[in-house]
């Protein structure tokens, strides 16, 4: 349905064969998100190591519309690859398909887009593992007994919802029969709303033992509330958080430990994958392998929807290691 | 005499709103007895304090027929600058931190005031432009980074958690500001001039009211309050980011308008604004307490706000009609 | 009786002609084109320029009725939510088995209904301001969208539907063509018809309009309903571009639209401004964003640039003809009778 | 020291395209009441605004007690003791009466700068009482009728303890009785040594009050006379430049079939038990004191406000009128009493104003025809004699009286049968007034039925075929033309014979 026009001749000379002057773009969900800043930093490092130019973009609001616009702009610039951290699983399909039709390599990272809109997904960790590990953690913290609640981001966040599903699956195991998941609350990744929701959980469930917050804003807000109310030791918080934001609460015991992957590594890996795709070293098929700088070798594997590269297991942050990480990200 | 009471009550335009808040509170209490407990009420007050502070400032802006859409961004900017400062100089006294926030906020307010008064740009355009500019600057001064709890000295975080005379400092500050506004608006010439200007700018000129001065005053005051709110916000959540309080301006305006402030200028009472802010506070606090699906929360909130608005109007109409009927022909 | 003759021929005045705000916007567009093509080698080709329109025109449809609404000294901040609700209902009804053609009709109906409801509340409760009414429905409409789709997205539309978002007629994007046609239609409606004249009258002095037999309530209802319909059209284009939809789409569209209308010279004090101004403003903001996007300026810088542009362009004109663009008193805004 | 407290020499004031004042002289003695007269648009209000510093003159000087002064804004003038009541409302609709009165010179406690509300309310009440009004000073200004607002304006000028008070058409919205109160106050002030400039289109006012009169015409100074030393006819010639033989034109009484019948109309708290009929060719005058409910009644007939009880018959058929559009469709037109807020769109051109209520006539299938519009508005503007050079001038640039003519012209665009004129000559000069009267008489002879609300005795008596006198929401008496005398009307207007029963 596209009229090719003058565009085609241009793409010929800036084609993808040479190694010189490639441009690789990464698009995060929105600006000002600490996690995203670090991810893009890692991406940029990888691309610079390869001697190419990195383009870091993000819309000012976490919307699909904003990302579509940026992708259009990148298509006009005829970049060599686009790495997308999607604000929606399906909503970017048309525009990403257009990009791929114009010869641009598309991959997603962190928050996936559907299999038809990308060549490969760079997965920070296996969702099942993420779900399981948090339940295991919380169970250990509360001695396999008591009420727990989940504080998520928006009710729309697909990766969060997936993790929560895995958590619920995990909870069905007999190991956890004395643990009761009383509520899933949504703080919309807003500080004030996350605080209100946490307070409501504490009011409604006086016997609450733990809160799992698989979101960086939520876990920090929940920990803050627990600290302020002096409930250290009575209610524990764990989940996925940024070491810098959580350092305070890991040190004061509100959160004995929590998890996250390293966004810098994730971006770094995505950068190398983008480069490999643009150089047509890999095509995103199952079994492809490539080298990602300091991180070593990675292999493309099969998933339910498309293919992916797995970074590794989430990393555990506890009082022993938090000091060295809190200044990193 | 009973007619005196009726006359007094009928003058109180926000009667309907107050009634509505009471009804709403009773309903929530019925659904979750944890609502009307001391702990929960004090949480609610703490969470509503910042909104009250901002809404009072916004009331004056609206009374002059203006509007300030930049307050969310001003709040973020002054919060970010203060957070960066206290993390660099942990010894800084919290009073100086508050002062710094107020100064930054006032400076933002002065810019807007100048644009509105001297240059004569419509407030909605000027503040929309500045909203973008200040938000951009927040990202820029923070270098895309964020300030987390562990970087902030305890004295700074203590602003939001400490008590003065047994009252939480946030609430205490809000009360002081409320009293100040009540006196300022009702008992000072400058206060009345704000209303006069909003009621009829042409006559104000003839009465020798310096419109530009008044505009400068209200926007600077609004900026100063946003700056103060910025410090309180950052202290309360122990976190400062580029997207702090994004979109908060609409909540503040909603509180004002629910409280009976007219965007046509000249009309608005401090008590009304307080009630407006409380209604939103009750909703934020109460909705998580009643166990509804998170997907229904927004819809319910919309219905409640709409009903509150219509209820208040109907009550006002009734009262006015009664007044008319008591006239003798 | 001393009958003097009164002139009824208006002499053409260059000064008046040139002092129009629209020239400022045209100058801005030219500057943006020159700057864009000098900073980015990718800007100045036909595909780029026409593709760009596809990225910013979707919300621009709401600009048309918003111009009328703001001329009437009202405002509608529920349009973004209306887009979301219309889009969600369209997708849901389609997936419930309705043919796509009918789903589109349903989408338009939902938009019209949302707009009509706003208008109805405003007309029924004259003492309420539009800000409060549409602020409430803004929350309500999006809330309903959430109730319908919860955390799901909904899509799987037939392939012809994507034509709305991606199709071309010859070398021209379909969306651009429709935009131009509707722009002409709305401009004529506002400036050349009785209806348009009455819209200006309501914004300038509602009481006097009512006393003059202008059907104020009916016109408000129509214009607000139109806003809903245009929001539904935006919903169609947006949904087609994404191929699926969610309750959180079109977030904060209302502010973007209001910024365009304001930059277009429509005063929030009512009674003033032209359709052409707002249409030009759409292209000013659209191409500015696109051009800066082509040199990959960070989003925060983009925010600063747009903010400063909005203020600077208004300032320049204000300084040049101080007083000319100032709004006059609103002697009647309270709409008190007798 | 000069003999004059205030002297203006060779004042010229130009607005873009209009010379509003051209070499005007004026002087004012202590303790005198000086009338300033002239046609609409002669420049009287502009002259006042030059005195008080709203406008700076292009040429000429102002001397206060022999010393040259320049006021840059009205506050400076107020400071040296010049207070003005402007022609067009300059109040704060959302603030209380007290605040309106004391705006700019509030009473404050020296030490704390706190506003002394109690004292101010009390003073305001006393001031209003001295003006014969029992208004509650805490009332919101915007909820008052125009006349009551005018009283507050007067109180405001008094409250400033000025040495010079300027009143620009203060009686325009007042009835006979209230005017009397105002006369008394004005005289009292004069006796206390205050110099007063009084602008009015009513000759009655001038004869009753003024010592001297200055006439302006077409922005020019014509002359100053002792009131006793100039005849009425001469004064009219000085003002209008021609003779006006008969202010109220002869009207052949040909009262025809019934047009409108109102039966027991009532609206809670506003009016009750209103019954009357209006015939073709008849002029029915409705008079009464301010606040008697005349405007409310007529607005109910025009569909602006609802009525709760009673019925309206138009040409014998019972009709319901819910909106102004309904009324217009039936053939009822209404000229509102406040032209600035209810009739005109000030920032629009004369032409657009005239055509607003009958856009269907200058359009085809909804499309406007500019040619038609110009033709129609030119014809009508000339017919009512608007003093302007182009129909494209803005309504805001017209003087009060000329604005009124535009409002009348608006009515003439439609095919109507019943016309309701609410205070049609409020603030209209004698020349224009005679033309508005002529228009009304002509319309009546063409078969229109006319209802005229007016507070001006001579006008009511001079024009009406029948007069309905209203008091506190009821019609207390009908008077035929031959019975109509000032005394009879006044008696009926103040009669308390109707019981003070509760109207619900």
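Things worth noting here:
First chain written, first letter: the chains are A, B, C and D, and each begins at residue 1.
Just so it is clear, contacts are C-beta pairs under 8 Å (C-beta built on N, C-alpha and C of every residue); 3 or more make two chains touch, one makes a residue touch a chain.
Which protein is which chain? UniProt says B = ABC transporter permease; C = Autoinducer 2 import system permease protein LsrD; D = Sugar ABC transporter ATP-binding protein.
Given the structure is predicted, the values throughout are model-derived calculations rather than measurements.
Seen from the Cα centre of subunit A, the chain whose own Cα centre is farthest off is D.
One inter-chain figure worth recording: subunit A and subunit B are separated by 35 Å, centre to centre, where each centre is the mean of the chain's CA atoms.
Spacing of subunit B relative to subunit C, judged by their CA centroids, is 29 angstrom. With centres taken as mean Cα positions, subunit D sits 44 Å from subunit B. Multi-chain contact residues, meaning those touching two or more other chains, occur in subunit B at positions 135, 138-139, 144, 200, 202, 242, 295.
Contact with two or more other chains is made by residues 30-32, 60-61, 155 of subunit A.
For subunit C, the set of residues that touch two or more other chains comprises 146, 150-151, 252, 298-300, 302-303, 334. Here, these are the chain pairs in contact: A-B, A-C, B-C, B-D, C-D.
If you check the complex, the residues on subunit D that touch subunit B are 54, 73-76, 78, 86, 89-95, 99, 103-104, 106, 108, 113-115, 117, 268-272, 293, 472-474, 500-504. Contact residues of subunit B toward subunit A in the complex are 32, 34-35, 37, 39-40, 43, 47, 135, 138-139, 142, 144-146, 148-151, 160-161, 233, 236-239, 241-244, 246, 284-285, 288-289, 291, 294-295. Across the complex, subunit B meets subunit C through its residues 69, 115, 119-122, 124-126, 128-140, 144, 200-202, 242, 247, 250, 253-254, 257-258, 262-264, 293, 295-303, 305-306, 309-310, 313, 316-317. Interface of subunit A with subunit C (complex): residues 1-3, 5-7, 25, 30-32, 55-61, 63-65, 68-70, 72-73, 75-78, 88-95, 98, 154-158, 161. Of all the residues in subunit C, the ones that touch subunit A in their complex are 40, 42-43, 45-48, 51-52, 54-56, 58, 146, 150-151, 153, 155, 162-163, 165-168, 171, 238, 240-252, 289-290, 293-294, 296, 298-300, 302-303.
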